[in-house]
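What follows is chain A paired twice: with chain B in the first complex and chain C in the second.
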Partner chain A sequence: MITKFQVAYRNLLRKKMRTMLTIIGIALSAWVLVSLLGFNRGYEISLNKDIDNMGFQLMVMAKGCPYEAATLMLKGGTGLRYIKRDVVDEVMREPEVEQTTPFLMAAVFDPNKGESGGIAGYFGVEPKSFSAMKRSLKFRQGKWFTDENAYETVMGYEAAELEQREVGDMILMPEKNVQFKVVGILDRTGTQDDGTIFIPLKTAQKIFNQPDEITTIGIKLKSGADSARLEEKLYKLPDVQVVSLTQVKDTIMSLISTAKVMVLSIALIAILIAMVGVINTILASVWERFQEIGILKTIGAMPWDIFQLIWTETLILCTVGGILGVILALVLARVTDILIRSVLPYAPGGGLVVIDWKLVLVTLAAILGIGLLSGVYPAWKAGRIRPLEAIRGEVGR
Partner chain B sequence: MHSESTTSRTGKKLPALAAAVLVLLFVLTGNGTARGAVGCDLNDPDRDVARLFPESTGYKTIYTSVLQKGGEKLLAKVESRLGDKFHGIYETIDVPYTIYEIFTNKKKVGYIHGVNQKGQFGGIQVFLALDLEGRIKAFYIQKMTSQYAGKLRDAKFGRQFTGLTGKDFDHYDVISGKAAGKIEGIRNPVPEAEADFRAALRAAKKNLVLMDEFVDLTP
Partner chain C sequence: MKQNGIMIETKDLTKVYTRGNEEITSVNSVSFRIDKGDFVSIIGPSGSGKTTLINLLGCLDNPTSGELYLGSRAIFGKARRLSERELTKVRRETFGYIFQNFYLIPTLTVRENVLLPLTFYRKPDTEHEADKLLQILGMDHRQDHLPGQISGGEMQRVAIARAMVNKPEILLADEPTGNLDTKRSAEIVEVLQGLNKSTGLTVIMVTHNPGLARNANRMFEMRDGRLSLIERPQE
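Coming up: the complex of A and B.
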């Protein structure tokens, strides 16, 4: 015996092009929905990972001091302000603090970069505390400095690539004319560490004549420590500012939320268009089979049977469209990633669109739910067709 | 000859079209994710092209690599012509090269092309402005890290290369530094920077060999 599913399936095959276009509409909506939800998850995961990779949650620096390499490059090191090395010990006394690492950022002018010269940045770090905090850093070649007073350097991958350096090579610090031996080259991290040239802190202090000064302290908190409370305490230290990476993250997330709202609106519009498409397709199919439905009723079909038949058609359309959309989202996740990156003001490293099975199932359920809702009106309309009027072809024409 | 997809009916064309779009997207995103070696571009192409090719009115940028142009076979040929192996972790088959095709009005008049070269204390970026036959019109070191970089980047040093071709560099051994013919006449302005002087010559030879393979500079 032929089932309702088979009848519905064959009905859809009668108008192949229309069915295909409806499925494409649903698939595109599902694609947008999965990608958007995947982006919602992926962005936050990647941002958290980027912040975790920094190894610390708080930074302390002199008031008005640029704390980011890009600012340092733009200002050419002229905006640098310093804090005393002793501040590290004061910070370390706080019970919330697990670890600290001091930095000294410095920049020199290289007249032989391009036509009008350029800035070269150096990052003085304490090998022991820095490497302990930045455990995510992996070496492509070599290792950290052999001595905290050594004239040695560890280069980020892109810095090494630009300077064509390998372990054992020498580099020259322009302006100061000091030579360093390359002892390590880091793997790519996708962060600003890639373009950084690290030298031992004490060596940097000596070269830049800042014997007891640093520019920044990175602070790692103990698990479960109250970051806000520590920030308050640190603000009491003279002439320092505190930057919380949680704040940085929150600021980025709030900037991104605008973009998210826009994409969500587009997704909702796409879903609405798909819903209208489903209603249109099924309704058109009902009107075309007006007489046929009337005959079905005269031979004993009940309104509920007709309702189920029409609803099954909606179910098939939405299931196929939903699955295709999910496949599209999975296959094109990388493209979506690139497109999103091109429009966002800041995008963390790693995948921006993360799609897992839970998300796939939620989306399929949503598409089916919305689709079935769209099918209620055409199915109800079909169920109410009066057999004799339908056979005479008088109603609904 | 028509392919099947162009001659078939619209209904059959759609899957083929969709497949083509997908393949294209994969190719594009594949390139986007590639983490290949670093290339060598002019810092400010508008300004630098006008300076290196004063008669130019415009330029077109082409990206290529040894891998794209001929793979291992081409690499072996380039190395043989250079007289040295590509070495280190950065001088590899997949290094992207940027070729600036130079135009005066609509007429192509030459090229500008740069290569990265390992120097004594850092990377050296050597650009050559070439006419269509591969004759050097200008030699430009965009970046060099050395105490003596100023002298090697000086226009006086660069002028020694003007008029030289790939054939002239056939008489230069990049490993021993021995030169004959016109190359022998290129003087190092700073004997203390012999390593960087030789690196600059190797970069110039590599640049000419690559350009000859990429665009065929045969007169």
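Coming up: the complex of A and C.
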């Protein structure tokens, strides 16, 4: 016995180049689709991870644009305003607050960074409160600073790799010409912490000449505490603003959603083009085999048999194209990540494109659905071919 | 091998085509009958209507008027005509077709081409029919070849095997030797004669070659849409 699948498969092998080009078209649109859907998920997951890894839900900082401040906070930025260290005590007095940790962020120009120099960010932190809040941080080597006034540093994974430093090595802070001893290197976190250089808060205040000032206070709320109520109370403190990280996330996500709509539109256009390609290929193949299809009817095929035969060809094209597209997306996820990262104003750490088996199944189902839809018209046309017309060679009449 | 019983019967079967404003009567009031196991040939010049007649007999075309019966079943009767779907069923249950162009699927092997009809419709006891036919037709040694790798005569043998695999009652052959040389043509007609004699298959063959047509039990001539029996002296 020979099955309809075998007949359909062999038919596709007749015009190998045309079949291959159609499959490539489908594979490319599947690649775009799976990557973009993966980006939708990945971006949110990474952003959530970045925010969760901060260990706090609220930030208090000097008045200014809160979102700019928050983004700088996430990216490790420059030009920040300062608040007094005493604000920490006032914040701690609030009953909703479980823990606080103060930071002093600073940036110096490093002539050795990049081709023409760049900004190196330093985070002045209190090891005790900071590590208590950021429990996810693990050390690859060493530990936190020995003293709160020490000239010691803990480096993020990527910062240490970039500077090629091990525990015990010295590192020079450019511009200030101060040397630090590396006492700890963190494990990879997949967040901005990987690129950060941490120094003791008091040392940072001394070096940057801000003896009683900090840039930010991270606040961890007690379980079930009313965040809005606390925000309201904190706003009453002079010259400070409160940023909720949920707000930050929502704002970033809403900014990104515009980009997402655009890329999804591109994906839809790619899919439509692939769909037209499939219809064109199958229709051309039906017209080329007009007589043959008519003869199939004289040897016993019913219209539904012909419909199935042509539909199976479409299914084969879409299945192979879809699978290739998914493989392409998986293999090139890193490249897609880099490409997307290069065009986004802000991208969280970690993978931006997350492809899991559910997404793979959804994409394959979508491609197959679209393929089946594309195959309906050519298959219906083929099913309607009358044997006599085919024998007479009345193509397309 | 003529048997008792009527296989096909027509009454005033007529087919009129319209070309522009002109009406062309391709088959004009044809009434005749073919018995079970008969081997009938129809000759005639080009445009005489012989292909139209065989298409009407094979339920591939609808007559403009007249009646067609397969056994006692009315295909195109006075009261009722079968639908396209019913006609398709009749075609696959009753007929095997071979044409001047062999219409083999180029991507399937000889054996797969013969097996192809069974993919769509299968009568009981046809499991070994393909192998049997390939052997009878001397094509078993070529069964794994593609159509492009065999000669025209061999391709027509494969087409015959394909037409026969579902054990049809009637084999319709429209110019089966049209694309073959004299030697191969004689071989193909010999094959048809052999099948008619050995299996009792009813064969209707249209040809423009009177020499080949003489191999049939009965010979008809088609001229200007009218059919007439050619009387032959007793052999």
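Please note the rule applied: the second predicted complex is superposed on the first by the 255 of 397 C-alpha atoms of A that agree within 3 Å, B and C clash if a C-alpha of one lies under 4 Å from a C-alpha of the other, contacts with A are read in each partner's own complex, and residues count from 1 in each chain.
What we mean here is this: a contact is a pair of C-beta atoms (placed from the backbone, for glycine too) under 8 Å apart; a residue touches a chain by one contact, two chains touch by 3 or more.
This one's a predicted model, so the numbers in the text were calculated from it and none came from an experiment.
Looking at the shared chain after the overlay, A:365 reaches neither chain B nor chain C. When the two structures are aligned on the shared chain, A:2 is found in touch with chain C, with no touch to chain B. After overlaying the two complexes on the shared chain, residue contacts for A:174 are found with chain B alone; chain C is out of touch. Looking at the shared chain after the overlay, A:331 reaches chain B, while chain C stays out of its contact range. Within the superposed three-chain model, A:228 lies out of touch with both chain B and chain C [touch as defined at top]. Within the superposed three-chain model, A:112 lies in touch with chain B and out of touch with chain C [touch as defined at top]. Contacts of A:272 after superposition: neither chain B nor chain C is touched.
In the superposed pair of complexes, A:296 makes contact with chain C only, with no contact to chain B. Residues of chain B that touch chain A in their complex: 11, 22, 25, 28-29, 32-33, 35, 37-38, 43-44, 47-48, 88-91, 116-124, 142-147, 149-150, 153.
Chain A makes touch with chain C in their complex at residues 1-4, 6-7, 10-11, 13-14, 291-292, 295-303, 305, 386-388, 391. Touching chain B in their complex are the following residues of chain A: 16-17, 110-115, 141, 158, 161-166, 169-172, 174, 177, 179, 188, 331-332, 334-335, 338. Interface residues of chain C, counted against chain A in their complex, comprise 55, 60-61, 84-85, 88, 91-92, 95, 97, 99, 101, 103, 105-108, 112, 115-121, 162-163, 166.
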